[in-house]
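Every chain is named by a letter (A, B, C and D) in the order it is written, and numbering of its residues begins at 1.
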Amino acid sequence: MDRMLTGEEAIRSESVRILESGMGQLLQLPDVEGFREWNRAKSKEMADKRMTEAEAVRRFIKPGDYIGTELYGTVRCPMSLIHEIVRQGVSDLRVAGQGVLDLDMLLAASLIKAIDLTYIGLEVHGLSNCLRREVESGRVESVVEWSNAGIAWRFKAAAMGVPFIPVRSMLGTDTLKFSAAKVIEDPFTGIPIALLPALILDVGLIHVHRADACGNAQIDGISGFAAEMARASKRLIISTEEIVETEVIRRRPDRTIIPYYLVDAVIEAPFGSHPGEMCYRYARDEEQIRGWVQASQTPETAAEFLDKYIHGVTDHQAYLDLFGEARLEALKSGAPGREA
Amino acid sequence: MDRMLTGEEAIRSESVRILESGMGQLLQLPDVEGFREWNRAKSKEMADKRMTEAEAVRRFIKPGDYIGTELYGTVRCPMSLIHEIVRQGVSDLRVAGQGVLDLDMLLAASLIKAIDLTYIGLEVHGLSNCLRREVESGRVESVVEWSNAGIAWRFKAAAMGVPFIPVRSMLGTDTLKFSAAKVIEDPFTGIPIALLPALILDVGLIHVHRADACGNAQIDGISGFAAEMARASKRLIISTEEIVETEVIRRRPDRTIIPYYLVDAVIEAPFGSHPGEMCYRYARDEEQIRGWVQASQTPETAAEFLDKYIHGVTDHQAYLDLFGEARLEALKSGAPGREA
Amino acid sequence: MSDQPEPYNASELLICTTSRLMEDGTTAFIGTGIPMLAASLAQKMHAPNLVTIFEFGGTGAILESLPLAVGGGCTFNRAIAASGIRDIVETAQRGFVEYGFLGGAQIDPYGDLNTTVIGDHDHPKVRLPGSGGGNDVGSNCWRTIAIMPHDRRRFVEQVDFITTPGYLTGPGAREAAGLPRGTGPYRVVTTLALLGYHSESKRMQLLATQPGVSVDQVIESTGFELLIPEQVEANPAPCAEELRILREEVDADGLYI
Amino acid sequence: MSDQPEPYNASELLICTTSRLMEDGTTAFIGTGIPMLAASLAQKMHAPNLVTIFEFGGTGAILESLPLAVGGGCTFNRAIAASGIRDIVETAQRGFVEYGFLGGAQIDPYGDLNTTVIGDHDHPKVRLPGSGGGNDVGSNCWRTIAIMPHDRRRFVEQVDFITTPGYLTGPGAREAAGLPRGTGPYRVVTTLALLGYHSESKRMQLLATQPGVSVDQVIESTGFELLIPEQVEANPAPCAEELRILREEVDADGLYI
């Protein structure tokens, strides 16, 4: 009965207490009104948005932008776009991570200034040396802490068009203390609830199984936080294993996770997640990943790796050519297909 | 700049103002802790849960329960379950509506005591006479107002396991004043935000395209608010056009909207949405709907209708027999199928 | 073709007037009935890139047949996405939906709409259906367009219940309530007139009369003081091409017209 | 078969000890590595109805191969549902997930875990990966099980940073912070011992020693005062059947063991 009495008291009260405010920096303001204006101005035309990685990065990502990648570890990560950002050296980026190889590359190239961080590491291969170097040296100026779901929920708040979302993660911890979340007393039941501020991205990067030229995109298997992040991005760059006719989308509209009007650029990028995996399409290239794990251990070897695989090639196709048909085919046969 | 200064002020403050509290009754408490305990105790076994409508209603719906149906108007509405509730005369129900034929039948049978109401009417056929009679007479004791999305969001809050969800609908209106929502000053930006309390159902009723015997369920086409309501229900009764092998589910896990562990009963109910439609399966039976629109005009004719189509038949199959194969086949051919 | 304008009924007039308000290349939140027919007509006349958004999940459908229910199969026929109600309303909430269409039993000078009760809420004279998606549309779409029969019982000084927000009590009231900035009522389409709102006072004003209707008739059929600008346009009648498409293509089965 | 117990390595010991904690017919939030192997082993040994839940969307997969990534295809191999991260963590948040498995660089007597920094947050000596899903699991699952190498640098009186909540500062602290009632750390599986928490004080206590390990060894390897009950069990060694399944079926390719 106790808790419900507290609820009754809460109902009669005229304010709710803020129990705690995280002291982490709010790297991007939850400006839902500005986001509305932006979304209103976006073209709603079903135009052909196909372009190269180079054009998309040049047109849509500026130094200092707040960007995000959608992925699950090394899986379905937009690596061909990440490579191009490194190639063009877009600097002073602020990022949301969850990240494995993607953010590691950006860190290796010293392109990141601030991080809303949940996890940056190499999964089974251990700590990220690049994260260590960039953060411990102070080159990354601001690190704000969140949980994995916390970042996804923050995207969801932006996707909903509201400035915050209530959750029960992060309470009582230093993770909250070093975040920009707030804790209030729930006005209905009296229990403490964490409010996470909406996270609106300047640019979102998502790799998908198939999309049409306008950006209507579908993903097979688990969908991570693609739906939320797509809807939280002011500009959205989609790379896709395959471009399909719009009619393919129209036959299965219930498979569409990202409608075209969210999308600014569509890049055809087979093996776009390499060396990570893409379910039903290809397995991860463990040899290449181990290569990076080794190379990332010192700044010098990391730079050599970037020189060889990014700066040394002009584009994604040239990158793939470094590996050759046979190896790529082997990765394909390593992934179980999808039964009809 | 003004608004962001307000935001800065908000950041420094130690409480947030409650700007308004709806004076509608909270028909069901947003007891997220009790809901957690309930969900913990639910069996996680992949057991065969097939049963008849009669058994499901008898076992899982008690007088006074708070129930909800998922649907879009007359579309994909769990009518065979509604008929059985009327047949068994489960009384004093509290309901969430959005409702067309479903809630109309329960109102016609005077089984409803309180409503969290967003829309009860007959769509193109106009006002609900049953709603008018039951509410204007005071037989429905409490009517609390919400918007359509408001109810879906309230389910979403319950599905998230949090006591409320922030939205920008309902502000400034009598809809809010006669709801149980609250308005607070957002602690991040200072703008007013409506908080809708989580809505946890005692029993949810959802009709789907296919499910296995354990309750893993898939829906084709739009999915309304099925995902949210399924996750907001303490007990969940699924009726399905078709029972499939679990292997069918396992081949396309990304199509599953309702995982089995949410489900208490699975009822095989072909034409379970009749006289409403089921996309890709059958069209709506406009003749029968017009029959109800006519019959519902007076208590006497409404009672005759219930006698004929509900009390006069033993179960859903006997109900379908009233219409005959030919008519049902015609409804099937009236719905465009789904291309492979 | 004769010089005589083709005859049309009240529904056809409302549909054609509404249709002309729908711009190409923008998004519209579509309810069943008149908005659906107007959108279909607009797509075939001047707005092939009008993106239709239906409350229960259909986006970008090709409007080949007409639904009798808000979630009918035609609302996502060959659509580019079929999701659910939250996805749709959240899309509106974050500013993606330009137009929303509404109806109501009562409307006041600020465009506030009542679809909840006539009389007192707890002891109503007439219990109406409730908000439905109306409040969500009126709160979150940029520009809302009401479609109403025009008489003094419906156009009232004060609605019995504000179900869906117009400009509420006047200038600044929406923003003060927390509703998204820059949103609000835009037009009212009736059988007698096309109406808008004064940019400062936010009160309803006459923009154009429907064919054969006088300004006085509009004033007399309105239960509150209507702003009458110096210039009142005469709304052109539905043209032959609009009526042909409407009757032969949009609603060939005569479900609505 | 000889009477000599079969030899096994540290990973195999951790996997088998963890596996035995997994009850049949319940749900477990599974990370890559040891929890995944333990779940697969449990399904084959005593818990065929253990429902595996992976953070990025896989529910009820048949664990036929082992993932190197948290969202690898095998995490939803023949699963009953493949959704996304919010659906999974919200499922935990509303109480559906019984067990969660965690690791960390440091753990304190109340089971609080650090995976964020060694040293000061803003000027760290070692920057660790961050919370990942750890905080979500530790906040929302009913019973969390930590799996750790056992030494004094890891078992510390005070962690440098509470990434993931254990019992925080002691009895009542989780509830006061607003964390779901009745949740908290349940077991710690190490190479030296199986540990639990005192029901009143919420401090870590020894439950059983691993084969060949003495109570004193455990005490010496722990950087804080460990509660030692009257009765300390001896944890049985991995049995031949467990090791056979682990080596021949669960991780036939030797990815982890």
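Note that contacts are C-beta pairs under 8 Å (C-beta built on N, C-alpha and C of every residue); 3 or more make two chains touch, one makes a residue touch a chain.
Everything quoted here is computed from the prediction, not taken from an experiment.
S.K.: What's the chain with its C-alpha centre farthest out from chain A?
M.R.: In terms of C-alpha centroids, the chain at the greatest distance from chain A is C.
S.K.: When A-C is set beside A-D, which has more C-beta pairs in contact?
M.R.: Top pair by contacting C-beta pairs is A-D.
S.K.: Averaging only over C-alpha atoms, locate the centres of chain A and chain C and give their separation in whole Å.
M.R.: So the centre of chain A lies 39 Å away from the centre of chain C.
S.K.: Between chain C and chain D, what is the separation of their C-alpha centroids in Å?
M.R.: 58
S.K.: Using mean C-alpha positions as chain centres, tell me how far chain A is from chain D in Å, no decimals.
M.R.: Using C-alpha averages as centres, the distance is 27 Å.
S.K.: Measure off the straight-line distance from the CA centroid of chain A to the CA centroid of chain B, and report it in whole Å.
M.R.: 34
S.K.: For chain A, write out the residues touching at least two other chains, lowest number first.
M.R.: Residues 32-33, 160-162, 167-168, 191, 193, 221-223, 251, 253-254 of chain A each touch two or more of the other chains.
S.K.: What parts of chain C, by residue number, touch at least two of the other chains?
M.R.: 58, 76, 82-83, 90, 93, 140, 180
S.K.: If you connect every pair of chains that touch, what shape comes out? Choose line, ring, star, complete or other.
M.R.: Topology of the interface graph: other, matching no listed pattern.
S.K.: Going by the touch rule stated at the top, which chains touch which?
M.R.: A-B, A-C, A-D, B-C, B-D
S.K.: Residue numbers of chain A touching chain C in their complex, please.
M.R.: 32-33, 35-40, 42-46, 158-162, 216, 231, 246, 249-251, 253-254, 256, 259-261
S.K.: Please give the residue numbers of chain B that touch chain C in the complex, ascending.
M.R.: 19, 71-76, 98, 100, 117-121, 123-124, 127-128, 131-132, 135-136, 138, 143, 145-150, 152-153, 156, 167-175, 178, 183, 191-194, 221-228, 276-277, 279-280, 284, 286, 335-336
S.K.: So in the complex, which bits of chain C are touching chain A?
M.R.: 25-27, 49, 51, 58-60, 62, 76, 78-83, 90-91, 93-96, 98, 140, 142, 180-182
S.K.: Touching chain A in the complex: which residues of chain D?
M.R.: Against chain A, chain D makes touches at 32-33, 54-58, 68-73, 75-77, 82-86, 89-90, 93, 112, 116, 121-136, 139-140, 161-165, 168, 173-174, 176-180, 256.
S.K.: For chain B, which residues are in contact with chain A within the complex?
M.R.: Residues 3-4, 7, 11, 13-18, 21, 26, 29-33, 157, 160-168, 182, 184, 186-189, 191, 193, 195, 197-198, 219-223, 251, 253-254, 339.
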